[in-house]
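Two complexes are shown next, each including chain A; its partner changes from chain B in the first to chain C in the second.
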Partner chain A sequence: MEAKRKLIREDGKRLDGRKWDELRPISLEVGLLKNADGSAYIQWGKNKIMAAVYGPKEVHPKHQVLPDRALLRTRYHMAPFSVDERKNPAPSRREIEISKVIREALVPAVIVENYPRTAIEVWVEVLQSDGGSRVAGITAASLALADAGIDMRDLVVGCSCGIVDSQVVADLDDTEDKEGSGDMPVAIMPNLNLVTLLQVDGDYTRENFQKAFELAIAKGKEVYAMQREALTKKFFGDEAPSSAEMEESA
Partner chain B sequence: MKKNYVVETIRKAQMVELLSRGKRLDERTPDQHRPITIQTGIIQKANGSAIVTLGNTEVIAGVKVATGTPFPDTPNQGLLVVNAEILPMASPYAEPGPPSEDAIELARVVDRGVRESEMVDLKKLCIVEGKTVYTVFVDVNIMNVDGNLFDATSYAVVSALRTAKMKKYVVENDKVVAKDEMIPVPVDRTPVSVTLARIGDTLVVDPNSEEECAMDMRVTITTDDDGNICASQKGEASTITPAQVLEAADTSIRIGREIRAQILEATK
Partner chain C sequence: MIPGDVITRGNYRYGSYIEKRGDEYVALRVGLAEVSQEGVKLNPLAGPYLPRADDQVIGKVVDINGFGWVVDINSCFDGFLPASFVFGREFSPATHDLSSKFRIGDVIGARIETFDRSRDPQLSIRGEGYGKILEGEIIKMSPTKVPRLIGKRGSMINLISERTGCDVQVGQNGVIVVVGPPEGIVKTANVIKMIDKEVHGADLTGKVEEYLGGSSSGS
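Here is the complex of A and B:
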């Protein structure tokens, strides 16, 4: 195979021109789907992901009912046309695992005790995929939950950091994810400063591990500001109160 | 494995109380793992095999090597596939059927540790670029469940791979031919997985079944020979504080060193 190409250019910038700690462009929109109780659409780099929430609703099959809380169901699914080579639409082992970790990342934020004997369904559909689709999916899914009016302790927001050319960088795109030497998706509840998803692969010294982890948290908080703006825009339109005004009323 | 049995509240309270004094119900300290036994070469028909016990948890890993075609995006690399099945005999709560979400997560987390540490040199598994490569399958049977399947499975996979031998293939007159010679599977690094569970506010190493029922969070961290971190996964529908992530990383690096020495000794 050809020699590994450099992912960081001579001028210290990355192949797409970003600085080491710079996020890709992100846009968020809440409430685009008509039928769903809540929905959110995220574009993050080349990622285009729709998240929808139905519920609280009756649980089928009934034996899955939890007597003291809601059952949260999640499905992360990639459309066959979302990647370079057509993906078989049947759920892969990767998608099953990601559905599980997304569920475990969202449940801590949802006050499931407020909805005993019900199901809350979260569907995450990746229409076009780029690096970091699971954290983008979580970011959209928590917005969709909020849009559905589900009681929550905090939003959940994710960001992935990693190692490229032996350097810690923020928010890997798909080239950096494939050709780099490490990917670390992290999701947090930003106001509570708690981590709800942590996955790591690659080669990290103890020092780089901490640097990447702390960078992912800091970058997640940046994305949180956009998340919050998208949510207030949905409910207040252009007359959305400023952050300062909201702090005051809270 | 799913937490589908209940630990009495009083027992859980006892666990938390003991942990506040640095003790566990089975008399271990919080950072002490259960005794590990590793026996290799137990299945003669496999290219490599190992039975590992971690306390009462018991798993068998078997390696089968064949030849096949490489993935189009990695034409000069062999294939490595780790798969795990929780047998119905392994626990009263296990059932036959297609792999559960838990079994898929288990196999993928172990696979990630082996893959990301670059334990197996996949480039050395190439026979004819783009056409023929060695395919290395590691299948794990969980025989008895008593918590911490992640680490037991990882030690079994690593031990089986370290002792695996495969048939040598060469290219003669543009044809791939099998030789009557066995060569070792090209392994280099030794990844070690260390799993911690949080009970109350304390992180404990290598939880048994009872502790898994009382834990609210699990985190697995895999380290390599240099003490670098090559894989991790947080589990359970709960949170972890940033400080606990770093604590878990340090514990895993430290405990991993001891366990690596034992694996190397058992597979030399």
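Here is the complex of A and C:
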């Protein structure tokens, strides 16, 4: 690449016009797939991701059965048409890795001990990809699990932060991810205040790391509010808070 | 309530789908919470069927082995009906033919005899109303909505069978068998679909009554 282009404009805004700590537009919908036990769809910036949950069901092949808990399987997959140039549909090294980190981001929230000897399958299908698809995938997958009615300690919500033009910014898009100098996806369980995923690449000073990490958590909690809203809409409609919720505030 | 929500604080007895953290009671599923003198309860709105002892279920025989029948009970666990529960203590694989009683594909009503985390649920057909189901239409619904279909002390289910002229047998596992005149079966199926879809609307009985309206005298 010739001279690296500036990713933050003169007026302090980013290439897509966002402020340094602004999220891209996000929309969430729960329960679109009829055949899945639970499903959710997320649009996060240009990301379009469908998550589906099947199970708990019997484990095949049988030798993978865990006698005391459920086996959580995840597959993160990018559709061939999700990127500019056709992607080979076979799972790439990157997708296998992301499947693994998504699994590990979700397991702490799912009460796998309640479903011994079964399998719970989570499919994350990226229909159109942008930066931060793994955190978007985690966000949708945890909604799909809740939709399937699987016991969970908390929802899981993700958000990424990073370094662009040596400045900490929230929620990197594709360009910033590729041309920026650092990316940090973080997934949290917002009520428990626990981190379930933390990946970092790039160069960070101690201060920048702290700032990016705290920003990712703060932004994650913003996304959590939207997650709540989507789940509530599916199960309780647009109606006023139910009597149960009233009782909570009392 | 959604998973992770704090239902209430204090000191209560609490039921399934709830976890206690310190003095907080946390919901583990999407559902409606009830806090009363008796304790904290969460009625889930989604979820798979997990067997519990003494549940009445309806299932389909999917396999026969030397010692009993394997029954699909619409759960992640297969039910097992031991032959000795059917033929009695003197059962011996050499003298009794299991397929003379139930064959693969037969639908049976049964009771969950025992279930724990370490073994598949065991079924029994001892008692009134259990055993092979010979006729009827099978309808499935979300197992978490079954209590609504039955209603308080069976009020809803009695209303439906009275108005449609059908005999409705409900399994806790969300499998329902309806026997009766065809138009009654269609009506019952629609009502079940209605209850399944209705999220938590108040006056469900009223709506069902309205739908079934004049059919008590009409059919």
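Quick note on the criterion: the second predicted complex is superposed on the first by the 240 of 250 C-alpha atoms of A that agree within 3 Å, B and C clash if a C-alpha of one lies under 4 Å from a C-alpha of the other, contacts with A are read in each partner's own complex, and residues count from 1 in each chain.
In this text, a residue touches a chain if its C-beta (ideal position, glycine included) is under 8 Å from a C-beta of that chain, and two chains touch if they have at least 3 such contacts.
Bear in mind the structure is a predicted one, so any value in this text is a computation, not a measurement.
In the overlay built on the shared chain, the residue A:L194 is in contact with chain B alone; chain C does not reach it. Using the contact criterion defined above for the overlaid structures, shared-chain residue A:D147 touches chain C, although it does not reach chain B.
Contact with neither chain B nor chain C is seen for A:L66 once the two complexes are overlaid on the shared chain.
Contacts of A:V83 after superposition: neither chain B nor chain C is touched. By the touch criterion defined above, A:E97 reaches chain B but does not reach chain C. With both structures placed on the common chain, the touch criterion links A:L127 to neither chain B nor chain C. In the superposed model, A:A218 makes contact with neither chain B nor chain C. Once the two complexes are overlaid on the shared chain, A:F235 sits against chain C while remaining clear of chain B.
Across the superposed pair, chain B and chain C both touch chain A at residues 189, 192.
By the touch criterion stated above, chain A contacts chain C in their complex at residues 37-38, 55-58, 67-68, 109, 111, 114-118, 146-155, 189-192, 228, 231-232, 235-237, 242-245, 247-248.
By the touch rule above, chain B contacts chain A in their complex via residues 72, 74-76, 101, 104-105, 107-108, 112, 115-118, 219, 221, 224, 226-242, 245-246, 249-250, 253.
Interface residues of chain A facing chain B in the complex, by the touch rule stated above, are 1, 72, 85, 93-94, 96-97, 99-101, 103-104, 107-108, 182, 184, 189, 192-206, 209-210, 213-214, 217. Here chain C touches chain A in the complex through residues 1-8, 17, 19, 26, 28-30, 32-35, 44-48, 50, 76-78, 117-118, 144, 199-200, going by the rule given at the top.
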